[in-house]
Amino acid sequence: MKAMVQNKRFLSEKLCTLTLTGDEGITSASPGQFVMVKVNEAFDPFLRRPLGIMEVDGNTFTLLFEIVGRGTKMLAQKNVGEELDVLGPLGKGFSLFPSFGILVAGGRGIVPLYFLASTLARTGIPFVFLLGIRSREELPLLDFLEKFSPVFWSCEEEVPGGFCGDVVALLQQYLSSVSLPVGTRVYACGPEGMVRALCRVEMLRGIPVEVSLESLMGCGFGVCLSCGVEKKDGKGYYHVCKDGPVFLLSEVGL
Amino acid sequence: MKAMVQNKRFLSEKLCTLTLTGDEGITSASPGQFVMVKVNEAFDPFLRRPLGIMEVDGNTFTLLFEIVGRGTKMLAQKNVGEELDVLGPLGKGFSLFPSFGILVAGGRGIVPLYFLASTLARTGIPFVFLLGIRSREELPLLDFLEKFSPVFWSCEEEVPGGFCGDVVALLQQYLSSVSLPVGTRVYACGPEGMVRALCRVEMLRGIPVEVSLESLMGCGFGVCLSCGVEKKDGKGYYHVCKDGPVFLLSEVGL
Amino acid sequence: MNLAVSLGKMKLSNPVILASGTCGYGKELVSYLDLNQVGALTIKSLSITPWKGNPPPRVRETCGGMMNSIGLENKGVHRFLEEDLPFLETLTTRVFVGIWGKTIKEYVAVAQELEKARRIDAIEVNVSCPNVEKGGATFLEDEETLRRLVAEVRSVTGKFLIVKVGPQVRDWGKVVSIFEKEKVEAISVTNSFPALSVDVEKMDFFFHLKFAGLSGPAIKPLALKMVYELLCVTALPVIGMGGIATASDALEFLLLGARAIGLGSYTLVNPSSALQVLKGLEEYLTRKQIDDINSIIGKVR
Amino acid sequence: MNLAVSLGKMKLSNPVILASGTCGYGKELVSYLDLNQVGALTIKSLSITPWKGNPPPRVRETCGGMMNSIGLENKGVHRFLEEDLPFLETLTTRVFVGIWGKTIKEYVAVAQELEKARRIDAIEVNVSCPNVEKGGATFLEDEETLRRLVAEVRSVTGKFLIVKVGPQVRDWGKVVSIFEKEKVEAISVTNSFPALSVDVEKMDFFFHLKFAGLSGPAIKPLALKMVYELLCVTALPVIGMGGIATASDALEFLLLGARAIGLGSYTLVNPSSALQVLKGLEEYLTRKQIDDINSIIGKVR
């Protein structure tokens, strides 16, 4: 679909949100799904960029991305009124009916979890939101969480009001301070290091952890098989764009 | 240099002007010179586009181009405030001191001749401007010529006020109606067909004709030798970007 | 306007084919394009048993294209027949199926399995994969093995037989005479180009196997040269591919004499691009006032 | 930080070289970059008499690159010595000069002329051009002629001797053993890739000679593979090139083991890109806390 930029905002030098108006197709998006965005009309950059969906309101949807390379840099240069070519929503999202949700986001991993939190809030399902950021530059991400509660956050540099450390340490602190209802699920999205660290958290034994993964993608809709992520049993690959991007932490080999 | 779009205007669906602010370098541009424009920051399109300089005012300069392919299409999508990467001024321009000038432009060939006309007007050298257009869609080009006189124009479709036919026929009509002072020069720019037709105009015998040529260009500044145009004597090639784009019609083999 | 073309006895409603490995097993594309509108689709090359392919990373964007190291991952011919054939049976378009093996025997086994499925119109033998019995060079690089491979597949299948070649070919003349002699019915050219990429941040090869296949618009001028040279030495119908993204790209191949064209990498970027290419072909013919696409095929020689 | 590298006995202040045919005769670039800042510049391949080159069109943009059919136009070695050498004598950087001929004799004659010019640091023998005595195949394709060519040029020049090769090489092992035996001192790889393009509007080949050379970022992954494979069979220093536009591109070649890199097509787009590449190399080394560029050369094998 063609999607027109309605609004652009820089949260920091490296973090940008774009609000776009697309077509009917996007209305059905669910938390954890993503879109594939063509950043210009040329053949370079050649491939689309996968970006999580943060918010949907009718035909309008919001992306939040970190400027990490050429494609995201070009995306951040788009102006209001310009059109982007977008495929989606794609992939399988989070399960939506836990009795209680623990949402663990690292940095830009906030994107699908913000969408999930909004959905849980709307359906009245209780949850806690834990956000980890690397540096004070990412503090503006916290603003998104104002409407949710409880929210805890950590930062790897010392910042007043935040837990000093990474979000997995924050999660451990949180877990050791509460007793969880039956049917609790953990939902996580963040950098590879964070996801790996989650695997080692003893207190999560027995609690299903759904994690949204990133991988290099050729297509985003299942034809190219570029997006392999190993199955836990070593017997082949899941494909992040079709089987995921959300997986049970227990089923993937990281 | 980086040049920022100050103004963009569509004269018709296919004709667009961009006014840009660059640096000191452009101040010295003379009529017939051109710039090499990178239409985006990606590697596709790979090469720069050669475009004539239409007007210079301090660091500010104006381009007028026809949308013919991908590059010019992308250029026409630039918005005010966006930056373009531009090399120039490049090439050798027109000679500036005729006793009388006959300026013959076909379509977008108006670009260097408008610049020349402005310069001649400033130095008080008399000239006549002949413009040929293909269809009524190009009529807005005439507006540029309001400040000059005399101006004659032709159009290949019948339009009130214009000579019906091509600009070479118009030129012939003009030539047969006047007697030219010694030191008259003809200056021409237009499609290949027009330039070829000029070679066959008997009445131009003995009058120097300077013509601004187009050619495919790899670099625009003389290193790649892509822009060969045959010498009249068949002994090798001139290079449009260094030896031209302005040539004496008598020295090139077309 | 006539867009129908023929590859020897194989008739296609139009020359636009979805290339192997870039249209999955077909189904994945249904929300992006009506598969019955393309001339044919080519199922990802199948092996006799499921094959897990290469470890990630499997793809890298390059300038004007991409590199892939999928490693021929596929569900195997049996699961394909079970899970995907029923869907393909609902289509009216041509269905080509790619096959590959680590040994000649494996190729033959896949071809035999497919023989039973009447819905499958053609077998495309991908010979650009490593021959494990010959130390990993591709089947294309050893002419005697190539001849045996083609002959043995031919002997077990009555289906229309296509061989898909890549830039590893050393001598077109020899390869073509093998194909002609062994009754290959069409040649697909080209597969991706072996290439290399370095991860400068990690200071390592980007792909585990070092080499990966380069495809996409970047290779188009090289693919065109291959098609041209191939058509200088054979009268077998050629399916041209390599970097096609637009109708103009497709026309370059058709004008050189390819009787059909394959869309590969660009389908990943624009899953409905086959339809845009088709539309562009029609517009071109209209503009040029040509009413049969066959009259432009091979016009540039 | 040390950026100086050496190609055998040839020392360069840094590994960034301007490739032949894309920096003219040197002078053309002075308003865009300080030539003394690059490791070396390579003058466009010269022939013994002026050569007019191919008829236009001579260039076509492709996706991520370009094709050229300049046809080796140059002013000939004599005019070069007269018109350009004086300027080059004012420079402190290394000056390499490309040479070519239609016959071995012509190559030798050019080398002899250049021998007198002390300012010239190296001769780069472009062997990817048609050998008119052998029906137009390149000198690279016939190993015996290649050996004679290299030996004869070697016998008349005491200058540092580089041979520039292209993708026509059939067997790296053989070519390299010729170079090693005949005392070639470095290898430039790669020249542009023979390729084809069709003008669909005119329904004709785009270039008069049909084929033209593909260069630019599009070919980088192919050039990297060539450099890697070449370095598997030789210890001769290699100047890597093919599609380099950024410092990251240059690093890919250096990490694979190229001791210097050439900037070709991209100089046409950004005439000062050599300086940007140099700056990027410095930034990379700073970021990686490496103080000698030599310690990354060949790190990825």
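We call the chains A, B, C and D, going by the order they appear; numbering starts again at 1 in every chain.
Quick note on the criterion: a contact is a pair of C-beta atoms (placed from the backbone, for glycine too) under 8 Å apart; a residue touches a chain by one contact, two chains touch by 3 or more.
Predicted, not measured: the structure shown is a model, and the values here were computed from it.
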Labels of chains that are neighbours to subunit A and to subunit D: B, C
Chain pair with more C-beta contacts, B-D versus B-C: B-D
Farthest chain (mean CA position) relative to subunit D: A
Centre-to-centre distance between subunit C and subunit B (centres being mean Cα positions), rounded to whole Å: 47
Between subunit A and subunit C, centroid-to-centroid distance (C-alpha), Å: 36
Subunit A and subunit B, separation of their C-alpha mean positions in angstrom: 53
Overlap residues in subunit A, where contacts from two or more other chains coincide: 43-45
Residues of subunit D touching at least two other chains: 62-65, 216-217, 245
Chain contact topology (line, ring, star, complete or other): complete
Interface residues, subunit D side, partner subunit A - complex: 63-64, 217
Contact set on subunit D toward subunit C in their complex: 62-65, 67, 170, 193-198, 200, 203-205, 210-211, 214, 216-222, 224-225, 228, 243, 245, 248, 251-252, 255-256, 284, 296, 299-300
Residue numbers on subunit A that touch subunit B, as the complex places them: 40-45, 70, 74, 79
For the subunit B and subunit D complex, residues of the former touching the latter: 38, 43-48, 87, 215-219, 221-230, 235-237, 242
Footprint of subunit A on subunit C - complex, ascending: 21-24, 28-29, 32, 44, 50, 52-53, 55-66, 68, 70, 73, 216-217, 245, 265, 267-271
